[in-house]
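The following pair of complexes shares a single chain, subunit A, combined with subunit B in the former and subunit C in the latter.
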Partner chain A sequence: MSEALVEIDRVSKRFGDYTAVTDTSFSIGEGEFLAIMGSSGCGKTTMLRMLAGLEEPSEGEIRLEGRSQKGLPPWRRDLPLVWQSLALFPFLSVLDNVGFGLKMRGVAKAERDRRSLAWLHKLELGEFASRNVMQLSGGQRQRVALARALVTEPKVLLLDEPLSALDAHLSVRMQALLRSLQRELGITFVYVTHSQTEAFSMADRVVIMSRGKVEQIGSPQAIYRHPANRFVAEFIGNVTILRGSVAEVGEQAVRLNTATGGMSVSRGNFAGSHGAQADFYVNADQIAIGDEPRHENHVRARFLSHKFIGNMVTLFLEVPGIEDDLKVILPERTYDCLGMQPGDSVVASWPAAAAHFFGGAA
Partner chain B sequence: MMLRLGRWFGWAYTGYTFLFILAPIAASLVFSFNADRFPSLPLKGFTTEWYGGTFTDPLVIEAFQRSVMVSIPVALLSTILGFCAAYCDFRFDFRGKSLFSLLMLLPPTIPAVIMGLGMLSYLSRMSLAGEVWAVLISHVVIALPFAMAMIRLRLAQMDSALEEASWNLRASPAQTLWYVVLPFCKQSLVAAFLITAAVSFDEFAVAWFVSGLNETVPVRVLVFLQGQVSPVINAIGTAVFTSSIFLVAIGMAFSGMGKAKRAAAEAPAQPAAGALVSNNGLSL
Partner chain C sequence: MSSNSSRRRWPLLLPPLLWQLTFFLLPLLFLFVISFWSVVNFRLEPDMTLKNWDFMLSRSSFWSAYGHTWSLALGAAVVTTCCSFPAACSLAFTVSERTRKLALMFLVVPFFTSYLVRVYSWQAFLADNGIVNALLALVGLDGLPMLNSDFGSLVGYVTLALPLVTLVQTMGLAQIDRNLIEAAHNLRAGPVRTLFEVIMPLAKPSLVVGALFAFILAFGDFVAPTYLGGGAPPTLSNLIIDTTKSGQQWPRAAVVAIVMILTLVVTSLAAVRLAYGRRK
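Take a look at the complex of A and B:
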């Protein structure tokens, strides 16, 4: 990521009494693939609509290449959007749909058709140029929408949950296509989604939003390994949150007393002192399961249930004294070898390096 | 058992209603080809004499020409204004919007006699009563709500992102109206044109009040009726009915055209345009 292409500077957006986005600032680099992720109503779509000029920020401003976009209507901006509903023009052919943006820029018909056709060929839609968009399949329409937005060679492409209407198989293929297109073109993608899979598999950086605020910005790895707060941890769902009182602050690790006994947690930049209450989280994929403890932190737990996610298995364990289930992620083969049955008593253990304080990761 | 009885009753009732509406028209059609001067049974034999007589009568020809001369501009104006009204309703939020919509759709609910009388007193103050203009203006008032309602139905099917997508691709609001909204509504515009033409073509009551010497076909028919009971009237009635139903049928075909194609992509079905043309048919 090089210097900032888009700057979002203390932007708020209110609709009457409802605040959709609150005092949000972040910047987007040139050539970056940025995903804005959150559940519905978190303000991610409002953010995107403000970028496109479809909504005007109530406060703050958005700058593109250093120029304020304040008061600039959508038809004077160069930020094409790929719509969730696709919003293709049903009365136009595929070719004319793609060429619409060029036509509005006054590009002559021959040139317009040549450029549109080049994009259609690039996205393997060449043979459908003269068809009506209504005659295409979902995946094909998706690519027409993409071609329509990209044909004008923008610096930034906005995408609003473009894959949510596609089935899983098609969605995975489109993700690969989007990622390779973005690399090849070197333009900035701002991709709004509620899907963690989509955001984490494509984006260079992910912005996690909740109730109009940014909860965390970082690479998928950083967010996955080191959630900034309880919200992000629960949203990503790959950790178990525990609580204890500080017993001893050591060089590398902090010793805490929890409801299930003493635990060691990586110190990071933890600043609490003796006796303070602190939340910490344990990464689910760094917990070992067996009959004996294998690491310094260990609890006896009862195996409740499991869930397959591809070749990984998430186990849910009941630990006395802990309200939430302890989540453990194991490779499917490892799980198979354990031969556990629901109700079995097992020992879950993890090293201090698998447990962290929120925001404490260096 | 009760259910079957209920269904049977439903069909019978519907059938009776259709009979009630269509029987006079059917009678008019049958007698227009009957050789007997008087509409009585049994029928005397087939003839086209009355049609021949009708369409050589200069007064009838003049009335037909006038009806066409009025109905085309009426259809054009109603469709344009109807589109503007429907688009306002679709696109903008403003104070008193529901009142605006109510006023726009009010005219067909006003009894034709009251409407005609009102129009007459208003237009005569403007020294327009008895002019062709008077018929044209009155008919636009009556036909416009039909056009607006049909176009509004079509606009309601438009993905609101469509206009935004157009702006997003650098089309100004005016360009968006021209290149996106109008093409999207094209079929309903054609349908509105045809149906408002039909509304004007066979509207009688208001035209009777305001037309003066500039009689349209339905008014001419009444003048005939007052003087004599002639089979010519059946011939004219049948001709007017046929042309109106023809316009409405094409209009409906247009508004429903591509329905099958759209149905896959868009769920809301388009209610039949014919439902809007219920209180309007030449009753002889």
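Take a look at the complex of A and C:
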């Protein structure tokens, strides 16, 4: 990603009394895979619709290659969208669906059939060209929608939760396909989703939105390791948030008094002073479990429950004095070796480097 | 389970079934039968003759009336469809849900008054010394002959069919998935191209069914061609009236009626095929 291809400059969108997007700014680089993630109603789809020109921002403007898109109707923009509902034309064949955008550009029939067919072959749909779209399976239709949007070779492709209707297995395959297509074509993808798996597995950068505002923008790693605030931390769900009062600000670490005793937290660019209350978070996959403390921060906890996610296990521990459960992520084999039973008393410990203040480490 | 419940429900179908049998199928059958009867001294007599069929179908005046009726009905279908479509589009796409419901309600209001009354009131507008010509005279233009012409008939047909056709079209257009329209815009189709490339194909069933309604209503109507068209040249409905009035020729009128019904059946089947065909 080099210079900004798309700039979103202080954009707001209101529908009557309802504000869908509030004063939002960010830019999208050329060839970047950007995911906009958030729960429903966070404004991510409105953002995408404004990019496509289907909604006009109430305030602010969107620039494409430095040109303001203000007042430009959708049919004069070059930002094809892959719809959540796919929005394929039921009265057209697969081939004519794909060729629709070319037809609107005045490309002659022979040429547009050639280019459409090339895309269908690329997405392994060649044999279905003359079929009606209604005769295809969900995954096949998904690829037709993709071909229809890509056949005009746009600079930016917009995708609105395109995989939400597919089963998990198919979704994973489509994710791989999308990622490799994006790399191969060098097109900028703007991908709206509520799925953390989709966003984190494909995107170069992720924008996390909530209630019409951007909460954090960063690489999946940066967001995973260093959530900017409580919302992102809870949304991603891989940390436990603790609170304490500052006892001592050291060179590398800050010492806090918490309900479960003294704790050391990486200082980062923490600016608080002695006695101040501060939230910090502990990364779940950097906590050790055992009978003895292995790191400087440690708590005695009761093992409540666990759940498997792939080959990792998330443990939930009850710690006296902490409202939320302490979350610990362990490799499945490590968990197996511990041989814990619900109700067992264990010691959870972590180094100061596993604990951070919000926004402090970026 | 389902066969059991359908067996228990079939008596509910009896009243409409009986109604159709008694007041539609039996009279139709009777119509067919009397087309083979004779008229002796102005009285119907049961017979088994083809002379009524021969008499009607061999006359060029019958076929010219047939052609005239066909072209008038086709004209009515086309004119009504074209007049309704812009209104249906704005009702379906641009106005609020509330306005749409209100407008659809008002579309039913014309049916509160008799069609005959509505046609008579058109006479006041279209007559040589009527309202339209008076307005034309005001701005110094010559009057137009509108009454007792095909134009007059068409005005009547459109009056009859327009509310219904608008209703059918609006229902059809309102069902169109908005995402498809936005998808067309997104793929660089402007409003006009979207209309022709996406909205019209999607609205095709309601457009065809609406036009078919207009065609059927116009094809069988005798009020408009009589009171606004002047009855000359005659339509098939004029022909039926003339035939029954002159010499009680009910068998000949039955021949005309059966030809009309057959025409409408064939046209309807063709229209339904056009509306829903090629879609699987």
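What we mean here is this: the second predicted complex is superposed on the first by the 361 of 362 C-alpha atoms of A that agree within 3 Å, B and C clash if a C-alpha of one lies under 4 Å from a C-alpha of the other, contacts with A are read in each partner's own complex, and residues count from 1 in each chain.
One rule holds in what follows: a contact is a pair of C-beta atoms (placed from the backbone, for glycine too) under 8 Å apart; a residue touches a chain by one contact, two chains touch by 3 or more.
Model, not experiment: these values are computed from the prediction.
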{"item": "Partners on subunit A (subunit B, subunit C) - clash or fit", "value": "clash"}
{"item": "Which superposed partner A:F189 touches (first subunit B, second subunit C, both, neither)", "value": "neither"}
{"item": "First (subunit B), second (subunit C), both or neither touched by A:F316", "value": "neither"}
{"item": "Partner chain(s) touched by A:F270 [first = subunit B, second = subunit C, both, neither]", "value": "neither"}
{"item": "Partner chain in contact with A:L81 - subunit B first, subunit C second, else both or neither", "value": "both"}
{"item": "First (subunit B), second (subunit C), both or neither touched by A:W350", "value": "neither"}
{"item": "Set intersection of subunit A contacts, subunit C complex versus subunit B complex", "value": "52, 54, 73-76, 78-81, 83, 85, 87, 89-91, 100-101, 103-105, 134, 148, 152"}
{"item": "In the complex, subunit A residues that touch subunit B", "value": "52, 54, 73-81, 83-85, 87, 89-92, 100-101, 103-105, 134, 148, 152"}
{"item": "Touching residues on subunit A, where the partner in the complex is subunit C", "value": "52-54, 73-76, 78-81, 83, 85, 87, 89-91, 100-101, 103-105, 132, 134-135, 148, 152"}
{"item": "Contacting residues of subunit B [partner subunit A, same complex]", "value": "159, 161-162, 164-173, 175, 179-180, 183-184, 186, 261-262, 264-265"}
{"item": "Subunit A partner contacts - residues on subunit C that touch it in the complex", "value": "177, 179-180, 182-191, 193-194, 197-198, 201-202, 204, 279-280"}
